[in-house]
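A short worksheet on the structure shown next.
Naming follows writing order (A, B, C and D), and every chain is counted from residue 1.
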Amino acid sequence: MTDPDSPPPAGSSSSLAASPTRVSIRVRYAETDQMGVGYHGAYLPWLEVARTRWLQEHAVSYRELEAGGVHLPVIEVRCRYLQPTHYDDELVVEAAAYRYRRSGIGFEYRVVRPADGKLVATAETRHAAVGPDGRPRRLPIALRDALERSIPDDVPVRR
Amino acid sequence: MTDPDSPPPAGSSSSLAASPTRVSIRVRYAETDQMGVGYHGAYLPWLEVARTRWLQEHAVSYRELEAGGVHLPVIEVRCRYLQPTHYDDELVVEAAAYRYRRSGIGFEYRVVRPADGKLVATAETRHAAVGPDGRPRRLPIALRDALERSIPDDVPVRR
Amino acid sequence: MTDPDSPPPAGSSSSLAASPTRVSIRVRYAETDQMGVGYHGAYLPWLEVARTRWLQEHAVSYRELEAGGVHLPVIEVRCRYLQPTHYDDELVVEAAAYRYRRSGIGFEYRVVRPADGKLVATAETRHAAVGPDGRPRRLPIALRDALERSIPDDVPVRR
Amino acid sequence: MTDPDSPPPAGSSSSLAASPTRVSIRVRYAETDQMGVGYHGAYLPWLEVARTRWLQEHAVSYRELEAGGVHLPVIEVRCRYLQPTHYDDELVVEAAAYRYRRSGIGFEYRVVRPADGKLVATAETRHAAVGPDGRPRRLPIALRDALERSIPDDVPVRR
């Protein structure tokens, strides 16, 4: 019996689902802090950029999703910082989705720096589907289909 | 003849209207950048905190204002940075309002660091009053009254 | 045998260590997003404010810590969002520290909204102690002592 | 005689110097506020992205500049918001530089939304050249040369 609340089973620490979405980000000066590195809080908007790109590529743009009355607020975020990043670093954020519980959606992320090939962060977010009133909503069919397609027979691995 | 678009006449560079609102801010680590100072963009939310406090003290909370269908989007901001600020600095942001054109509102700000008495920044923002549809709205009467009261017989000075 | 990397044992979901540090935060307009709630990424700076206050109350200010050549970069953050927050909400962020592995430090947080008594978020961060060169450093003795004192005979509970 | 402190002479409100640098930005969800628009404070990092790109294209990367001991802190920013922007809008930020006073540098910006061709904001920033100690420094020769080249015989226009 599997606890529906538990994370997906652990796998290799450096892989995501088969075909993740990739977006390229450059660390902005505004995103640095006085330690001289990319501020840890700045990574959350980067994950978001990759996540919304995944939605657009696989199902529906987040803009349309919200216009249709469905929001996907973050109910949990977890991020591990493996290497510092610096101003003007180019980073690639990879995102892959999985069905989370009955009507939610989860994303897994890897943040990689192509210049040295280093994995600089891994992360995971979980989202509920809610209406403008904050009450649970079903995921749109296009998104449910995309989730089915994106996870052939095994769930995405976990860092 | 006065250009309605021009700034209020210049005055002493270190004074605001008679009784400005004062809020205390502490520079967060998140608000520093790799130069080791308070990031210049972080000042705008600080001004906003002082501005919304002014509204609350003199007329109506911004929360109520929006609930009543009136938004005051920033249509112009200007900020001069006179001294660097640092992580954990306590700053006092002073704000005073003036009527801007027919249906708008302007704010002037001084950011002071009590520890050394230095004026670290001066700023000014201008706002239109619009409805949820983005179309011009009249300022609520309570706010118009407050603006009348806040400017006895001379306009607030300009940095 | 306990995995030094594992989280502290689970306890009551609504308590932290005996005497957490408490800071009061008000949700800034800048911290909202178009869903009309406090942006999930805005919570990380709030946790930071509580965390640095804990350090100051129990051992040494973060400013002095950095001046002494010790940084505590976040190596992992986890946050659960239980209730939405709104512009101008007053929130109380509670933080308590525990020793994390040999030379690191961990913090646990609860974010509570006094107006309705709701627990709006729980979070946890883990930090390495490093020097300006990014290499591991020992925690200063004052901080190690504080960690000993802060955890009488049981570790802080986990959400 | 020209007041060195005064803005450059006014010109057409919709043009910059001959060949501005252009960068493309997409409004992030994190950059929206509860009014449902791009938060006014989010524009400052966008300007910065365009400004640092200008430096890189014309003279030297900002990363190298700082490595060489020269910082260009913002001493003044001014931004006019002409049209609201929305989540996921693609925006083009144009930046052009001019020599500001003896040893400073100024930038002018236009933010345009290609989808509807609208000019959504104009802005201007001014910068001092300082060393790590905060004391005035001369601009590097490569940058001075670039400033000479970028302004053939007329100064950049001002909105």
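Convention: a residue touches a chain if its C-beta (ideal position, glycine included) is under 8 Å from a C-beta of that chain, and two chains touch if they have at least 3 such contacts.
What you are looking at is a predicted structure, and each value in this text was computed from that prediction instead of being measured.
Q: Using C-alpha centroids, which chain lies at the maximum separation from chain D?
A: C
Q: Check A-C against C-D and say which one is joined by more contacting C-beta pairs.
A: Comparing A-C with C-D, the pair joined by more C-beta contacts is A-C.
Q: How big is the gap, in whole Å, between where the Cα atoms of chain B centre and where those of chain C centre?
A: The computed centroid separation for chain B versus chain C comes out at 32 Å.
Q: Where the centres are mean C-alpha positions, what is the separation of chain A from chain C, in Å?
A: So the centroids are 23 Å from each other.
Q: List the centre-to-centre spacing of chain C and chain D in whole Å, with centres computed as mean CA coordinates.
A: For chain C versus chain D, the centre distance works out to 37 Å.
Q: For chain D, what residues touch not just one other chain but two or more?
A: In chain D, the residues touching two or more other chains are 29-30, 34-35, 37, 41, 44-45, 48, 87.
Q: Could you tell me which shape the graph of touching chains takes: line, ring, star, complete or other?
A: Drawn as a graph, the chains make a fully connected set, so complete.
Q: Mind pulling up the chain D residues that touch chain C in the complex?
A: So the residues of chain D touching chain C come out as 29-30, 32-37, 39, 41, 87.
Q: Spell out the part of chain B that touches chain C in their complex, as residue ranges.
A: Per the touch definition, chain B meets chain C at residues 26, 28-31, 44-45, 48-49, 52, 61-63, 87-88.
Q: Which of the residues in chain B come into contact with chain D in the complex?
A: So the residues of chain B in touch with chain D come to 34-35, 37, 40-41, 44-45, 48, 66, 71, 73-82, 84, 134.
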